[in-house]
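Each of the next two complexes has subunit A plus one more chain, namely subunit B in the first and subunit C in the second.
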Partner chain A sequence: MKKEGTLAIRFALHGCVNRPFYHIVVIQKHKARNGRIISQIGTYDPMINQFGERLFAMSFQKYRKWILREAQPTKSLVKMLGIAGFYPIHPQSILHAHRKRMLQARQASEAKQQTEEFKETAL
Partner chain B sequence: MAAPVVRNVSITLSQICRNCSLLQSRAALCIKRYSSSKSTDSENRDTSKKNEEKKEKDVYMLYDEFPFRNGPTGWKDKDPGPLFLNPKVYNSLRKMTGFDLEKLFPQRPYPRHFKPKFRIVSDEKLQKLEGGNMFRAQQKLQMPPVMLPRTEESTVICHDTCIAGLYNSKMVITDLMVNTGSRERIIVIREPNGVLRTPTLRERDRITQVYFPRPGRTMMMSRMFYPEYMQGLLDRDEHQYLLDRACVQFEPDDPQFIRICQEVYDHLYETRKFDILRSTRHFGPMAFYYAYYDKIERLLVDMIQREFIQDAGSLVKVLNEIHPDAKCAQIAMDLTPGATALELVKAYLEANSEHKLLAKAVEDYEKLLEHRQKESERRERGLKGR
Partner chain C sequence: MTSSLRCLCSKKHIFDTLRTPYHAAVSLQFVRWRMHRGVPRPLHKLEKKIGPKINVEDEYEKTWKREMHKKYRSQMNALRSEIVRDTLHWLGMNKVEHLMASQKTQMAEWEESHKLNDLWNAEIAKQREERMMKERRKVEAANYQKMVVGLRKREIRREMAESFLGEYSSMITPDNLDEKIREALDAQVQHSRPLDNEGKPEPIMMDMLYNQVPEDETWKADSEEREKDLSEDPDDNDASYLDSDLGEEMEGMDVDAIEAEDFNHGDEAEETNDGQDKKS
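Presenting the complex of A and B:
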């Protein structure tokens, strides 16, 4: 029964200044970001560790259970799960990646141009 | 040795590409195969000079792989696993280990807050408690299995080029289901170039340690296990400590575990200090190693000199099980089924007549037995005379 109200599964930002750390929580939708949770089902560490990794961990069993209890995951969580391979990749992720690649290509070509111009002026 | 020693494998790609020609280990191949292309990573990095300097200084060690002493797998053609688990071999090794309660439960200084409890119990209860202690002692003597080293493989699940370049780092996704073994746990790694793959076993151990930590296990291999530091420990007779730490840190099929164990056994072989590992869980695998590589004579000499003749016989039995085609095994088969341990050792001597030390040890032991028998007879005659 819907005693708990509308539920969300989302990131709760913990950690401290210059050190973010997210908990993946099941929480009533209207509550504050770090408000009283119903259950914590995972964590996400956005800081790149010494092995070059960002660690995302979740109990998928619990996640499924709460989805069945009609909890709604947020867009960012769904994108993350798309990257994980649990859901299909979110179209916005694809778009974002495409735009990033375009930007990098543009920056690379600009940098190349600058170095060539510099060489010409030097000669 | 084929492959050179590779250490300090940096994750910064510029360093990898620079050392490209030098890095020949499997570790490097793994990184190169699954890491992002050079362009995306180098441009995503911070271009400020300070950060670059800092990154060059911090050498991020992915994992250190030191090569084996005995060939590419540490073992010869025969798979040591099934040989070790053969009941005849296994039970012989367990018997050989010995059972010294003083060594298994040594007197250690207790922390201040620990107060020993004294209880008055009935005889039955005392027996039960002692039985519990025996059980714990047997558990302490459980031998870590001898196996071939595992292969560090990673299978690609899918390659989504559409999200290449989205992140400048790997994403590691772990399923936090309790009550799954570390090998069965679902872990995937999304590379910056969009490849979704399973982790190598080395990565898997490390990631499981983050979420389900094993007490005593460290994320990266301790310096103690590097060859140059290990030598110091071995010179100070810290073989048991080394091997106990290795048992905690590594899985038995980890190539580094096998390397460390074999180095320790080789050192013991050279210094002949086999008694250090007697009555520990490492004695069995050590004896197995010597039997596998057909160099049991020094251990046999040690056993005979300490009058552990049964153990010497068990060791020859183990050798015959591992090498059934050898001369020694064939001579032993011709013996009667109820052959004593000494007869087995003599059969070994017959097959390998070049071991003069062993021959002398056996001779001395027989003389000792004779001497003892004569003494006991003399005593009996003396008593009878009175």
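Presenting the complex of A and C:
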């Protein structure tokens, strides 16, 4: 019987200095980040293009087949698929968005308060 | 500061890049050692402020965080099973059938690989046997050659030993002492004999008789002549010479009485004439 071990679907960093580029690969869990893969099923470009997009491409057919063979996707990939709509949105991404919104609101209120104090002092 | 840096930073290229304490013109090359604490921070790290992490949790987070995670986990489990069911339906078989098919294919692959492996093993075994036979033959040939050389050496040593023994067979040992004495007493050695150009004594009649020296043809001719001479020796008991050589004075005389007188008179004369002979 063939034993593949625990399989993982994750990002493998390629590219060069100041230009990352990720491959979405199926690989044994204990292997290195850029180790010997079983198959590649997609790509991800984290750099924003001229249209303000970060491009993500994957073969969902192959993804389903590997899920059937008990491959475990990583948290970052699952979050990205949640944002894409294949999975439900991850709670961490929701909380991250909430915290950022709260920070922006706090900063806006502080800036507003500072302007009002300046106006009072000027008058 | 520069003087302290110079004495501490013995690496020249670091000091060369630092011009003043205000301009941290650090070289962009990667260095394998840590910088001195007096070296200023690089520009891209000046804005970075390192401080403790502040965990700001709202009421919203406190209430909804755990429930969101529970909900997400249940959703993901359901989705996983749905994906498996859909893919099996799409592949046209049940999970059990899929497992059995996968097992069958795996068993078939295993058997095929085993057959291949056996074939390869047979080929390699053939090659191995041929190689081993060659090596065995080489070893046997080498051993045979060694044996032959050893036997030949033994023969040479034996021949040399025998030759030495042959040369020294005439040596006197306690074992053959009596024999050698007997031989020495029985042997008749002629010291007055001629020599060759090489200094070896020439064989003569006595050596040939007692030591069995091989006879040369030249010697044969000489021996025959010598026999003739010996047979014609005037010292033999033949008194014919007296009749031929003697004069008229010896006619009618008793030759035997004269010879006897000469014989006896010669001895007496030798005894009495010792002093006269010396004077003359």
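To be clear about the criterion, the second predicted complex is superposed on the first by the 121 of 123 C-alpha atoms of A that agree within 3 Å, B and C clash if a C-alpha of one lies under 4 Å from a C-alpha of the other, contacts with A are read in each partner's own complex, and residues count from 1 in each chain.
Keep this in mind: a residue touches a chain if its C-beta (ideal position, glycine included) is under 8 Å from a C-beta of that chain, and two chains touch if they have at least 3 such contacts.
Keep in mind that this is a model prediction, so the values were computed, not measured.
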Check your understanding: Once subunit A from each complex is brought into register, does subunit C clash with subunit B or fit beside it?
Key -> fit
Exercise for review: Identify the partner contact of A:E53: answer first if only subunit B is touched, second if only subunit C is, both if each is, neither if none is.
Suggested key: first
Exercise for review: Mind working out whether A:R33 is in touch with subunit B, subunit C, both or neither, as first, second, both or neither?
Suggested key: neither
Check your understanding: More residues of subunit A in touch with subunit C or with subunit B?
Key -> B
Review point. Touching A:I67 in the superposition: subunit B (first), subunit C (second), both, neither?
Key: second
Check your understanding: Who does A:I94 touch here: subunit B (first), subunit C (second), both, or neither?
Key -> both
Revision key, fill the gap. The superposition places the nearest Cα atoms of subunit B and subunit C at a distance, in Å, of 11
Practice item. Could you give the residue numbers on subunit A that contact subunit B in one complex and subunit C in the other? Key: 94, 98
Review point. What residues on subunit A touch subunit C, complex-wise?
Key: 1-2, 64-65, 67-68, 78, 87-88, 90-91, 94-95, 98-99, 102
**Study point:** Residue numbers on subunit C that touch subunit A, as the complex places them
**Key:** 56, 58, 60-61, 65, 68-69, 72, 75-76, 79-80, 83-84, 86-88, 98, 103, 106-107, 109-110
Review point. Mind pulling up the subunit A residues that touch subunit B in the complex?
Key: 41-42, 48, 50-61, 83-86, 89, 93-94, 96-98, 100-101, 104, 107-108
Exercise for review: Report the residues of subunit B in contact with subunit A in the complex, numbered from low to high.
Suggested key: 11, 39-40, 43-44, 58, 60, 62, 157-158, 160, 162-177, 186, 188-190, 196, 206-207, 210-211
